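Sending over a structure as structure tokens; questions will come in a sec.
Per-chain residue numbering starts at 1, and chain names A, B, C, D, E, F and G are given in the order in which the chains are listed.
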Amino acid sequence: MRIREVVIAVSVALVVLLLAYVIEAGGLGPIAPRELRELAASYLVNAYNPWNVTQSALSLEAVTAIVWDYRGLDTFFETSVLFASIVGVSLVFRGYRERLGIGGRGLSEIVKTSTRVLLPLILIAGVSVALHGHLTPGGGFQGGSFIAVLLVLMSIVFSLDFVVERGLTSGRLLALRSVGLIGVLATSVALLAAGLALGVEAYIFQNVAREGSELSMPQWLLDRPTGGTLIFFNMFEALAVAAGLALAFLVLSLREEEVREALGVGEWYE
Amino acid sequence: MGRLLGYLAVFAMTYAFYVVFTGAISVFSLAIGALMSAVVSVVVKPLVIPGELRASDLARLAYLVAYYFYYMAVAEVRAHAKIAKTVLSRRMEISPAIVEVPYYVKTSYGMTLIAGSITNTPGTVVVQVDTERRLFFVHWLFATTFEPGKAREAISVDFERFARRIFG
Amino acid sequence: MLDLALVVAGLALIAVGVFFDFVGAIGLLRLPNFFTRLHAATAGAIGGAVVPMIGASLVALGADYLGPARFFLAGAAFASSLLLMILAQAGSHAIARAAYLSREAPREPILHDALEEGGGG
Amino acid sequence: MLAVGLLPLFLMGAAFALPALSLVVKSPRFYRAYATAVSLVGLLIALAVFLETRGGKVVTYRFGGFRAPLGIVYAVDALGAVLGLLAAFVLTMSIVYSTWMVRSRSEHLYYTLMLSLGAGSLGCLYTGDVFNFFVMLEVLSLSAYALVSFYRDNPKAVEASIRYAIVGIVATSLYLLAAFVLYGSYGTLNMADIALKARNPAAWTPYSGWVFGDVALSSAIAIALSAWTFTFKAAVFPNHFWLPDANPEAPTPVSALFVAVIDLIGAYGIIRFLYTLFGEGSAVSALRYDILLVLHVLGALSALVGALLLVVQTDIKKFVAYSTISHMGLAFMAATTGTESGVSAAVLQLISNSLSEALLFYAAGIAIVAVGRSIEGVGFLRRSRVASVAFIAGLLNLFGIVPVFVGFWSKLFILMALLEVGYLASAVVLVASTGISGVGYVKLIRYLARSSPEPREDPRLRSLAAPAVVIALVTSALVALGVAIVAAPEIVKIVMEAGAAAADYASYVRAVVGW
Amino acid sequence: MEVVPISIAAAAALLSVAATYLAVRSGDLLAAVVLSAVQSVAYALIYYILMAPDIALVYIPVSVGVLPAVTVLLIKKTERYEV
Amino acid sequence: MSDPVPFLFTVVLLSLVANIGISLYGVFTRPSLVKKFISLTIFSDTLNSFAIAIGFRRVIGSYPSAAVLSSLPREPGELSAFASAAVDPLPQALVLTAIVIGLAVFMFLAGLIAMYYRHYGTTRMV
Amino acid sequence: MDLEPLVSSVLAALIPAYVASFLLYVVRVVKGPTIPDRVLAVDALGYDLAAFMVVLSVFLKSPFMVVCGLALALWVYAFDIYVAKYLEAKEMGG
């Protein structure tokens, strides 16, 4: 095996040297440049631009604007990678059933009580990060992962039994995640459907009025812009991510007794 | 009534945290926050406040603010000065020991407040808690006594006075 | 004037935080075993993190050159400091208890171990 | 055109809905019918897209209504449309076949992953954006990893899936790095924009402006990194190991998708990158011939290695896997000649290879259910006339000496393309690998003539209607293609169009960024 | 003005190299997880200094919150020491 | 040396490149699957950091700002001022996508590794 | 009075001290010797880095960055809990 290691080390070193050379020779442009790529400038100028609505996402935050509007397709399929991964995990562990009474006392009383106090605070922080995604840094995935880690933390601090007893079963998480995903899907084709119904031109992932299509999502809520579809995307994505990650972790952290029950139950080979 | 009060308390805590956290000055933020805090409080209330709540319980929470100032201004300063002096001295004079410290509050929130206060002052850390015999096992860096009663005098008696007023 | 007072007080608190960071770091290096190091880490967490957060929040309240978003900064910093008070104690306690129960870390030097004798579960 | 944009989204949306539906409807029949219906609709849309692109048209769809470098644009030329139609066809066939073959308590999850695999592969073929290609590649790969481990009670399946996943993650990450490098120097992610600026570094396009860094250097490293990914996906020689590992452990319809669709994506990526993006006259033209030559040698090696290893296999699934490696090597040899006729020959070879390898899996699947994966089991196929005829047809097509099949013509075109540029050694490799693999095919036909071990009892064997339909359809597609090449040169025109479209960057760029 | 933050980023980057090296070399997988957490924290600081708050916000939960949970879970379910 | 910033930035970039090498080495040579897993996470994180570093830029006279408008602009001039002071948002958006994709893949890989251990009783895989 | 130079210069003087103490924390992470020691050091490092991020957001005049500090503090705590649970319990879900 020594030869294999040497070969690997040499090829890895070659890749590294090549990359270093490209960086040093300015293949990626000057290092720490003063000017901006023109495309980036277009995004920055257009992310919130009420004077040129057809190119704008009407979001104060450029990253969220790109993530959910200019490159909404990427993000949609990114969500579906997460979806496929969770489907894959439940496929690998299929046949499991969460059972109560296997035991587990969780951590000490002090940690439990502290986590109880933290619970609403982290939840509201996550929701706030998600729903202000078009105004301040953050967005659906960030908020959703806040909530997901909270659920992971709960299942570790209080034990799985406790969480499942309080109604956080995999069935419910699956339902919640489906609501989120279908919400994302519905938001992405909402204006297209409206356009088809009204017989006018419209695009998939359309947000506000574009060239050749006058349809638009509501742009203001009270005294702040909503970024059209962005607030809906953020909301549903947060739901889908939180429920999905929690579901995957729940399945992964099944106790051995539960998993062994699911294994070897005579699935057909070949 | 008691249940509703519980929801209200959770809502108030959540919403207050939200307003401070977002520094909300727009109607949009305040409205969304109110809505979402309501949803959150409905979801988590059974976990945060399992039982019922009386109006007088809420009034006692005002002591929490007073306690915060006392704690930050007095207890922490004293403990920090001591640990800084020890760590930066040439030969560190420490006498580590794990001592029993009894407590007499009844609720788990009161217990956690005391334990948290003990742990958060450098020099004492709660290693283990026995909720049946109502004992903390405290790792004490500058142990002067191994006797439970005296250790309580030295470590937690001030915290407990406040904790009993706040959480009973 | 109030602005200046707030900013100076905030900066002073931040400086205190730096000092306790150092205390925490040096204590973490010098103290002999895990349980004694816990105390230094607490000093690092409370004195080194909570205090400068409050300080930054005061500075932000005073520094009007930051624009209207400074309320956001001040609020979030203060909220973080409050949360950190809860987090730090729970985290220290959890890791101390785990280290004690799993016998992962050596307990010596220790003068008296009530937990061993009292047999707390 | 709306259909282009809707197709991957439609498949993925259908996949989203299936686990949600499974909470309500618990019947496996429903899942099967649902997946079949969805994939049939997908096939129809892909057909519509294909018809739309006839005559060298490039069909585009602007997501969100944004113009090219600002938003993501799907741009489908003849190449993408032909391969997309092929992928959709094989996907549909595999799903129909699965309704007969796959029996599990979690069939809805299986079909969900099948649909997302389809969405990923079609997205790869249709997209006109370098980064979106990465995302779709991950959709495709993750579904593939999960499907390999479908029989998770089989330790080998889990192990194969882990091996495939670990190397696959590294491979796709390298593609990601290539995408970042391209953005760093070109300042854009749109394929057409990059293709334009690789030819003409002084070009200015709306929104993305001028190039930012040293284009030649970064293009070279981007090609090097992405070529690694594509050779991995296409199972070409140094990166071929995953296919014989993963393929046998996956359910048979998934194996068919592996050899027919995932390989296709790898070859498509190479063609797209080396002809449309960095074709002749581009920033890397000095290096391009070296890169092509290296890939050509790898293709030749893989053709030989695949053919040699194929002969000694005793596992029917591994046999087909090595046969795929050999034929993908041939396709690579054709695709790296640097000529349009070479690319056309490669496309024809991809079509022939995908259909016939999938057909071999579909036919052998019946024997695998009845007897097992041993090569002796193919004797069982004599009990079903359709299956045995189809099996022989598939083998002859791969062998490529009978002019009724498309396999003959594809090899002939490859030979012509090789001779056109004077690669005599490669032509010898082509003939040699055909000869060597022919030994294996003849061996397999002889096993077909012998009697098989005693079949086991399996309720699935009572009705063979679904697989028979699938097999008949694929066989007739093979024969129809082969006959059409002789009878109506129309079909050759389609392939030539695809080859021309790959190299015709000008109309691609014009359609997308309007330069 | 910009020297101060960028030199912090450079320090964090060097730190992350050390942490990565030790994490890859360490035979105790749990120690490797802790060291990779140090690497994650260093990267989070780099993201912060390169003015990517969104990335820091998504990276910290993922890389300090979820992935260590999964890895520690894996180590608990399998074995702690790399042979 | 008049301007230390490019040098410091080069240090950052080269450290990231070194991390790519170290983690790739870990992926391919360490026998334990869990160690491969950890190395893979580091590898993908490093690629993402690389992209963020590509998107950084400098501004004369001050430090660049994040790609967030702090208040609603009242005239078009504010937008161009914003564009002249903010960092590149596109790599951040791409990296956001890439991080989530990485997380998804690693979740699934973790499930597979747990299943592997149940079958074989070890996490070694050569 | 102009506050900006005052704040900037004082913070610029304090920041190197912060970085130095972080490096000292890392020494403890590397030295170990036991897992709780390492975790404790990561813990303290994380909290202080969270505070440092808050301070930096004042220094860099970008108020929106402050949320990162909160996130870091929260998830370093979560990391603590994971390792504590690992050491203490038989199963992570128990």
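We adopt the following convention: a residue touches a chain if its C-beta (ideal position, glycine included) is under 8 Å from a C-beta of that chain, and two chains touch if they have at least 3 such contacts.
No experiment lies behind these values; they were computed from the predicted model shown.
Peer 1: Moving step by step between touching chains, how few steps can get you from chain C to chain F?
Peer 2: 1
Peer 1: If we look at chain B and chain C, which chains touch each of them?
Peer 2: Chains that touch both chain B and chain C, as defined above, are A.
Peer 1: Suppose chain centres are the mean of their C-alpha atoms. Which chain sits farthest from chain F?
Peer 2: Farthest by centroid: B.
Peer 1: Go through A-C and E-G and name the pair with more C-beta contacts between its chains.
Peer 2: When E-G is set beside A-C, the one with more contacts is E-G.
Peer 1: Measuring from the mean C-alpha position of chain D to the mean C-alpha position of chain F, what distance in angstrom results?
Peer 2: Once rounded, the distance between the two centres reads 31 Å.
Peer 1: I'd like to verify one number: the distance from the centre of chain B to the centre of chain F, where each centre is the average of its C-alpha atoms, in whole angstrom.
Peer 2: Chain centroid spacing, chain B to chain F, equals 38 Å.
Peer 1: Just curious, how far off is chain G from chain C if you go by their C-alpha centres, in Å?
Peer 2: 10
Peer 1: Which positions in chain A are in touch with at least two other chains?
Peer 2: 19, 28-30, 32, 37, 39-40, 43, 61, 63, 70-71, 74, 78, 81, 84-85, 88, 92, 107-108, 110-111, 114, 117, 121, 125, 129, 136-139, 141, 146, 149, 152, 156, 245, 252-253, 256, 263
Peer 1: Got the chain C residues that touch at least 2 other chains?
Peer 2: 26, 38, 40, 67-69, 72-73, 76, 79, 83, 86-90, 92-94, 96-97, 101
Peer 1: Out of chain F, which residues touch more than one other chain, so two or more?
Peer 2: 5, 9, 18, 24-25, 33, 54-56, 58, 62-63, 65-68, 70, 86, 90, 92, 94, 96-97, 100-101, 103-105, 107-108, 110, 112-115, in rising order.
Peer 1: What chain pairs are in touch here?
Peer 2: Result of the pairwise touch check is A-B, A-C, A-D, A-E, A-F, A-G, B-C, C-F, C-G, D-F, E-F, E-G, F-G.
Peer 1: Which positions of chain F touch chain E when the two form their complex?
Peer 2: Result: residues 4-5, 8-9, 11-12, 15-16, 18-19, 22-23, 25-26, 30-35, 37-39, 41-42, 45-46, 48-49, 52-53, 55-56, 58, 62-68, 86-87, 92, 95-96, 99-100, 102-103, 106-107, 110, 113-114, 117, 122-124 of chain F touch chain E.
Peer 1: Which part of chain B faces chain A closely enough to touch in the complex?
Peer 2: 10, 13-15, 17-18, 21-22, 26-29, 31-33, 36-37, 40-41, 43-44, 46-48, 108-109, 111-112, 115-116, 126, 128-129, 131
Peer 1: Along chain G, where are the residues that touch chain C in the complex?
Peer 2: Against chain C, chain G makes touches at 1, 3-4, 6-7, 10-11, 14, 17-18, 20-22, 24-25, 27-28, 34-37, 39-41, 43-44, 47-48, 50-52, 54-55, 57-58, 61, 63-64, 66-67, 69-70, 73-74, 76-77, 80-81, 83-88.
Peer 1: Quick one: which bits of chain F touch chain D in the complex? Just the residue numbers, please.
Peer 2: Chain F residues touching chain D: 24, 27, 33, 36, 40, 43-44, 47, 50-51, 54, 90-91, 94, 97-98, 101, 104-105, 108-109, 112-113, 115-116, 119-120, 125.
Peer 1: Considering the complex alone, what residue numbers of chain G touch chain F?
Peer 2: 60-65
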